[in-house]
Each structure stands twice: as structure tokens, then as C-alpha cells.
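These are the structures, in C-alpha cells.
One chain, chain A, appears in both complexes that follow, with chain B as partner in the first and chain C in the second.
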Partner chain A sequence: MESLLTAIFSGTAQGSIYALVSLGLVLVWRGAGVVNFAQMGQAMFTTYIASQMIQNDYSYWSAFVVALAAGGLLGGLVDLGLMRPLTSRKNSQLLNSQSMRNAIPIIASLGILGILKALAGIIWAGEERGFPGPVQPNPISFGSTNLAITSFDLFVIAVVFFTLLLTTIFFTKTGMGLAMRASALNPEVTRLSGIKVSWVRTLGWIISGTASSLAGLLITPRTNLSPNTLDLLLIIGFTAAVVGGLTSLAGAVLGGFILGYVISFVSVYSAPENVFIAILLFLLFALFVRPQGILGSKEVRRV
Partner chain B sequence: MLTIKNLVTQYDSIKALDDISFQAKPGVITTVIGANGAGKSTLLRTISGLERPTSGTIQWFDKELTRMSVEAIVRGGITQVPEGHAVISQLSVAENIELGGLFRKRIARGDLAKATTEVYELFPLLYDRRNEPAGSLSGGERQMLAISRALVSRPKLLLLDEPSLGLAPLITAQIIEIINNLCRNTGLTVLLVEQNANTALKVAEHGILLALGKVVADAPARELINDSALRTAYLGY
Partner chain C sequence: MSKYLNLKPKVIGRRSSILGALLFAFFIALSAQFGPYNQTQLANVSMLLIAVLSITLLTGASGQISLGQGAIMAVGGYGAALLVVRLGINMWLAFFLAIFISALFGLFLGLAAARLSGPYLAGTTLVMALAIPSIAVRFEGFFSGDVGFSVDYGVPPEWLSNLVGEITIEEWSLYAVLPFTALALIAVLNLSNSRTGRSWRAVRDNEVAAALSGINISRSKVKVFVCASALAGLAGALYGFRGLVAPSVYPTDLSLTLLTAAVIGGLRSIGGAIFGTFVVVYLPDIIEKISGGLEISESIGTHLPALILGALLLLTVILNPRGAAGSLEHLRHHKKH
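Now for the complex of A and B:
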């Protein structure tokens, strides 16, 4: 009973972070057709910024806000400074082949990842350091037993649920949210409706950057911070996004939580070192059973 | 007045539009007819800014369109209903309509609400199904939706690319009648691309016949409708 509750709670807390990462990946994938391998590099970098601020005696919350803003800024810059110029050159020989057109932004995102890691190494000496949360990770007890969930986990769950609520309202209730969905589904019809699709795409990069920055702030109190700490999170987030269908925002979030439970159940009932193989098996299983993802739909075309 | 002069649009080395010039008068329907591959869609795509011409000019009154972005052209009152019932199937009917007027939301909220009511009055069927995904509509209903999305932007020039494609004659007649009424009642200018020459020439005031990217006839619609020699030569019936 105790281990069941532990698995459920820690699965929820971790799953909510995976959901953010997966959401960030899907936002960029739907909008720009790019798997952004630099995403967690961006988050690593902004978490270092927050860590530096806290070291310089700024409060946790001001560092938190600055890191989120920096995440958005970095996302926007990647699009404006690199992705847009790279993909908009119509008369380039290289870009004439569709496979090159798809490959170039991915290679560029790997380049950014490399640059961000190198920069973090230079600026912060690349040493592993701790990163605080806003609350002490005190264990929460249920009756007389201590659960493997802390007040920090509760904070994580609350922040992520609030974020997901805001995101849902944004996408379903606002004009800008409609423009983002429409741009991802059919850019040409959206442009013919007078909407500046390229700016909507940039907004997708900004939101994605902010969400991943948040994920970085929420995961590092558990894992510590180094230039490579968030690599695993990208893999898990990507798996979650694929499981969720890669194009569905709700699917991405659901995929994140499912992966959180898979990982926590495997570490509680089996052993933490089996987590990797479990992720892989789960991905294969999911692709086999529902190749279009849990919430993805098969493209239905009628004339 | 839409004035097109010496327009050339190429796909790589193929000239899809080869030195086209014509005018479309305001407040009436001008139809562009021609066989498959004549360059009709390319013409509308070039007017909308989706394709860039290699040379020539497109003027809407005193505005030169060839250097404007797609979005700026739409915001300037020139809206296209593209070929093939272009709606976004995953969005609801109401969202598709909302999309068409989104760019006016801040500048003309009141009129946007009015325009939305008007298109629902034109197509009551869409109102009944406003919360369903556009993908669940029939071909004719989708065409109505695509036209509605264009109309809520309050266009001054409406570009219609083969609205009759795949529709029963009765539905086509209905849609064409609605467009015709809009022209008469609101002064809307329409450029109607059709393969179905008879339907189009009946409602249009003026006709342009395209063949292999060139204008081969430019005359009042009632003259073209009776010119059987031209028809056999270029449309094959």
C-alpha cells in the first residue's frame, strides 16, 4: 500500500515535469516542423542564470521569473535568429530537396545545444551544483506513515497544473490560441485569413522556451544542475510527445504523465536501473498499438 | 478596379502565366475560365501573394500588390477562397469562421459580430452545425464554410477558385446565386475562376479565357457564351 501510494505520487510529480517538456517539444514541432534538440539546453542555460542570481542573493522568486522570461527570450531568438533565416531562403540549392529542408533545422538545433553547453561550461565552469526549490523538501505523512512525496513535489504539481490550466484557456478561449492551432494545422489557409503565421510560429517557440525553462527549474532541485543534467529529460519528453501523437497538445501532456507513472512504477516495483529499458519498451509498445499516438488522429481527407 | 499588366509567374522554368493583362471592374463578377492547367489557380495565387511573379504588375485601385505580403493583401480587402473547399477540418465550423475575421477583432469588434451574424443568415445550415468539426461537413457545406470564412473579413475583392468543384449543380447554383446577390447588394467585386464555363458565364458580366498561361479571349460574358468556335478550340466542348 505504501509503495503504491509512493509510486502514484512521485509518478504524478515527475510526470507533470515530463508533460511540460513534451508540451514544449510538440508546440515547436506542430508550428515549425522541427524537433528542437536544443530545448533542454535552453532550459539548462536559464536554470544556470537563476542559480547565479540566487548565489548573488536575489530571492528565489525573482530568479524564477527571470529564468522564465529568459527561456521565452531564448526560444524567440532561436527562431528569429536561426530557424527563420534558415528555412525562408527559397532559392537556395540545398533547400530545394525536401529532406534537406527537414534536416537543416534539426542540425541547427543540435548546434545550438552544443553552443549552450559550451557557454555554460565557460561561464559556470561546468561544475555540478545544487539548485534550490522555494520550499524545503519535507516529507508529507499520511496517517502515521511518511510518503515518498515532499512539500516540494506538491509545489511542482501545483505549478504545473496551474500552467496547464492557463495553457488550455489560452488555446481554447483566445483568438491568439485559435491562430496558433490554425497555423499548425493549415498555414496556407491561415495566411489567407490575414494572420501572420511566421509571428505565430515565433510565439510557439517563445511559449515552448518558457515551458521548458519551467521544467528545468522544477527538476533540478532533485537532480542537481550541470550542463548535461537535462539531456535525459529531453529523451523522456520526446518519448512522451511521440506517445501522445506528436501533434496533439493534450496528447503531449497525457504522454508526460503516463511516462511519469511508467518510470515511477518501474523504479518502485522493479529497480531504478531498469527505467531506460522500460522507456524503450513502452515507446515500442505504444507505437505498435497506436502508431498515431494516444490522442493523435489519422489524417482524414475528404473532398 | 483590378488591373493586371504583363504578368508572368513561373514554376522553375515553366511559365504558368505568360504575359497576362486584363482588368476586372468593381462591383461585378468577372470570370476566368480555362481547361486544367491553364493557369487559373496560379493567377489567383499570384494576386494573393502566395506566388511571386517574375515580372508584371497587379493593381487594386492605386495599390500595387506584387510586393505586399499575403497577410497585408488580405488585410487590404482582397480575400481568396482557395481551390478544393479549403477549411480546417479539425477546427469547428464556428472556429473556421472566427479565423477569417480574427485580424479585425481588435480594430472592428462590433462589425465582426455583425459580419458573423450575416454569414450565418446566408448559410443557416452552418449555424446549426457551428460546434461540429468542419471535417464532418459535406463538400457543399465545406464550400459554404470556406466562403463564409472569407466573407467575415469583409472583402472588397473576393477571389473564388472553382467553387463548383465536386458539387451537385443545384448546390453550385445556390452558391453562385448568393455571390451574385452580394455583388449587387454590397458592391463586392468578384473574380470567379471556373472550369464550368456555362455556369460562370451566366452570372458573370465579363469573361477571360485562359489557355496555357495566355489570355486568348477577353470579352463580355454574353459574347463568350455564344462563341462555340472558341469553346471547341479551348474548352473542348
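Now for the complex of A and C:
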């Protein structure tokens, strides 16, 4: 009973972070048709910025805000400086080939990942360091029994739910959100209705950068910070996005929570070392059973 | 097997054999000028070249992107090490068996990959790159965990020492690897000029058109995964026998380094693969030579090669997606007109 509660609570807390990562991936995929493998590299970099600020005696919250802003900025820069010129150029012979048009942005994002990791290594010496949370991870007790959840976990869940609420309002109630949904659905028609699709796309990159930066800030108090720590988060986020459906925002969030429960149940009932293999098997299983994802639409996946 | 791979003797082109032999001779001649350190580096180039060639086939010829070639190298490395350590099989035989083990792995991977495209395939292979080394830690009893297996090329056989005089350990590891590199080159050159290679390029450029011309797309994809995995597995076995087969020898970064080498040199060119491999292996040395006079801190020194490789990768993709080999070709065309 106690281990079941542990698995459920820690699955919820972790799953909410995975949901953010997968949301970031899906936002960019829907807008630009690119899976951004540099996403958690960007988050790693902005978390280092926050860590540096905290070391220099700034408050946690000012570092928090700066890291989020830096995440958005970095996302926007990647689009404007790299992805937009890459996708707008059609004259190259290599890009005439179908499969290479898909491969080039992936390779480019890996280049960014490599550069960000190397830069973090140069600036911050690349050693593993701790990263604080705003609240101490004190276990919360209910009556006399200790629940397997800390006050920090509650903070994480609260922040993520607030973010998801804001995102939902943005996409359903604002004109900009409507424009984003429209341009994901049909860029040509959206462009004809007078919406600047390329800027909507950039906005997607900015929101994605901010969301993944937030995920970085929330996961590192648990895992410590080093140039490579967030790699695992990227592959979990990717798996979550595929499970939920790369084309669906709600699916991304759902997939994040599913992955959270899968991983926490595996590490509670089996062993933490099995997590990698569990992720791989779960991904293959999901691709085999429902390749378009739980909430994804089928015709968008071009095979 | 030979029917599908087009490796029948009559198909093995004269040009490719000559090229393979020439490169072989070039490396031998080069190594004679070198000290032990550069001989080791040259051996590294020859091993990694085989893995980079697997990307030339996979991404360059057939358009499938894999971020997990390092994991397949691990499959080959562990296969060979287990055969030698646990079963006491002869090392050379173990290398050839490692090719089959990784080809078999590639068959399964290809069956899964034939259903996937672009980003799905890239992500899945990236997950694989992280998951496979962790299997070695998980099943510690069998794969001996983080410690791994200590394996090496042993001592040079007597007849060879009698033939060419005394051979150092560094020279021996180079001589042991080079025949495999030459074979891999010949195989890749033949494959890309064969019917199979042409069908891969057709699938890469336009799947619908390829299917309409009677190419079985899934089979074509499975085939390229088998061939590429065989190459990567061989490279992994050779790479491991430098001294250690362990998870730390085949990190995720290795997969990305291989991709970087292939892209910088030119994804569609074998000469490009050779050039790119030289760049990734020798870049740290070059940087050290240039910055030798300057006082740079240790953290910059260790991360500068990765930074420059990342920048080179980005610049290649933005300015010249066909890589160094592509720009050479471009120059040649301009001269003609």
C-alpha cells in the first residue's frame, strides 16, 4: 500500500515535468515540423544561468524569471537564426530529396545541442552541481503516516498545473492561440487569411523554449545539474510525445503523465536501473500498437 | 545473402578494389612516418571510418537517420568480447561473428525502422543509444557491468615480425584493423554502385516514385539497416579491442560524433566519410597545436573540440549541406563550364 502511494505521488510529480518537456516538443513539431533535439540542451543552459545568479546572491525567484525569459529568447533565436533560413531555402540539390528535408533540421538541432553542451562545459567547467528549489523537500504527513510526497513535489505539481491552465486559456481564448492552432492545421489557408505564419511559428519556438526551461528548473533540484543530466529528460519527453501523439497538445500532456507513472512504477516495483530499458520497450510498444499516438491524428504522419 | 548484398565476385568492381587497396597502402606508408601516438590515432581513424561509412549508407544513400550507431557499435563490441572471453573463440573469428550478430540486430532494428520515418526514427534510435549501454549495467553478471571486459589485439604473429621486422603494439593494432577497413570500403563502394544502392537512392529521393518503379520500400529499408549495422558492429568490435569493452567506451556522444564526421565530410560521399573521420579524430590534436602557445584553462581545452565540431556541423548544414566532398564537386563542375 505504501509503495503504491509512493509510486502514484512521485509519478504525478515527475509526470508533470515530463508533460512540460513533451508539450515543448509538440509545440515545435506542430508549427515547424521539426523535432527539436536541442530542446533540453537549451533548458540545461538556462538552468546554469539561474544557478549562476543564485550563486551571485540573487534571489531564487529573480533567477527563475530570468531563466524562463532566457529559455524563450533561446528558442526564438534558434528559429530565427537557424530553422527559418534552413526551411525556406529550396535551391540545394540535397534538399530536393524528401528524406533529407526531414533529416537536415534534426542534424542542425544536434549541432546546437553539441554547441550548448560545450559552452556550458567551458563557462561552468561542466562539473555536476546542485540546484536549489524554492521550498525544502520536507515529507508531508497525513496524521501519523508520512505520505511519500514532499513539499517540493507539491510545488512542482502546482506550478505545472498553473502553466497548463495558462496554456489552455492561451490556446482556446486568445486570437494568437487560435492563429497557432490554425497554422498547425493548415499553414497555406492560414497564410491566405492574413496571418503571418512564420511569426506564429517563432512564437511556438519561444513558448517551447520557456516550457522546457521551466522543466529544467523543476527537475534539477532532484537530479543535480551537469551538461548531460537533461539528456534523459529529452528522451522521456520524446517518448511521452510519441505516446500521446506528436500532433496533439493534450496528447503531449497525457503522454507526460503516463510516462511519469510508468517510470515511477518501474523504479518502485522493479529497480531504478531498469528505467532506460523500460522507456525503450514502452516506446517500441507504443509505436507498434498505435504509431499516431493516443490523441494524434492519423493522416498527419507521413510514412 | 550474397544475392541481396550484391557481393558476388563478378560484381565486385575493379575500381573499388583498387581504391580500397590504394587507401590501405596509403595508410601503411603514412604509418611508417609516424610515431606510436599517431599510429594509434591512425588506427582510430580506420576503426571509426567503418562506423562513419555505415552512416554514409544509412543516411547518405538511403535517407534513414540514425542517432544510435554508437549503440550498434556496442552490440558488435560486446558480441566479440563475450565470444572471446566467455567462449575462448579466436579473436579474428569473433570479429566476423560480431558482424553477423550486429547484422542480426540490424535486421530487427530495420523491421521496426521500416515503419518509422524522419523524426520518429531519429528519436527511437536516440533512446536506443541511451538504453543499450544501460543493459550492460543491468545484467551485470553476464555483461560485467561498468567494469566491462579487458580485451586487446594480443601480440603480432611471428611470421609477420619475421617478414617486416619488429612490430610495436601500436603498429600491430593498426595492421590488424586496416584489412577490415579496406574490406569495408570495397563493400560500401560496391553496394552504392549496385542495383541495391540505386534502389536505396530512389527510396531516399521519393518513396512514392520508388514504389511505383517496383521497389519494395520496406525491404529496401531493412536491407540498408542490416548492412549499416554490420559495418557499425564491426567498427565497434575493433574499437573495443583497443583495450576495453564497457558502457563508457560507447557513450551517446559517440553516435553523435559519427554523425558529425559523416555530415562534415559529406553524407553522400565515401571520400567525404574519410575526410570527416580524420577531422573528428585529429581535431583535438590540431587545436592543441594551435593553442599550445596560449595559456588556456583546462575546461576550455577539454570542451573546445566539441564546440568547434558543433559549430562545423551547423555551418555545414546551413552553408553547404553536401559537406566538404560536395563543395569539391561543385568546384570541379565550375571549372568544366
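Just a few scattered comments:
Here is the rule we go by: the second predicted complex is superposed on the first by the 299 of 303 C-alpha atoms of A that agree within 3 Å, B and C clash if a C-alpha of one lies under 4 Å from a C-alpha of the other, contacts with A are read in each partner's own complex, and residues count from 1 in each chain.
In the analysis below, contacts are C-beta pairs under 8 Å (C-beta built on N, C-alpha and C of every residue); 3 or more make two chains touch, one makes a residue touch a chain.
This one's a predicted model, so the numbers in the text were calculated from it and none came from an experiment.
Within the superposed three-chain model, A:A19 lies out of touch with both chain B and chain C [touch as defined at top].
Of the two partner chains placed by the overlay, only chain B lies in contact with A:G175; chain C stays clear of it.
Between chain B and chain C, more residues of chain A are touched by C. Once chain A of one complex is fitted onto chain A of the other, the partner contacts of A:L164 are absent, as it touches neither chain B nor chain C. Contacts of A:L192 after superposition on the shared chain: chain B is touched, whereas chain C is not. In the three-chain superposition model, chain A touches both chain B and chain C at residues 302-303. Per the touch definition, chain A reaches chain C in the complex via residues 29, 34-35, 37, 82, 85-86, 92-100, 102-104, 106-108, 110-115, 117-119, 121-122, 125-126, 231-232, 234-235, 238-239, 242, 246, 273-274, 276-277, 279-280, 283-284, 287-288, 291, 301-303.
On the chain C side of its complex with chain A, the touching residues are 59, 62-65, 67, 112, 115-120, 122-124, 126-128, 130-131, 134-135, 137-138, 203-207, 252, 256, 259-260, 263, 267-268, 299-300, 302-304, 306-307, 309-311, 313-314, 317-318, 321-322, 326. Partner chain A is touched in their complex by these residues of chain B: 48, 50, 69-71, 74-75, 79-80, 82, 84-91, 95, 98-100, 102-103, 105, 135, 139, 149, 153, 166.
On the side of chain A, the complex with chain B involves touching residues 175, 178-179, 181-182, 185-186, 188-197, 297, 300, 302-303.
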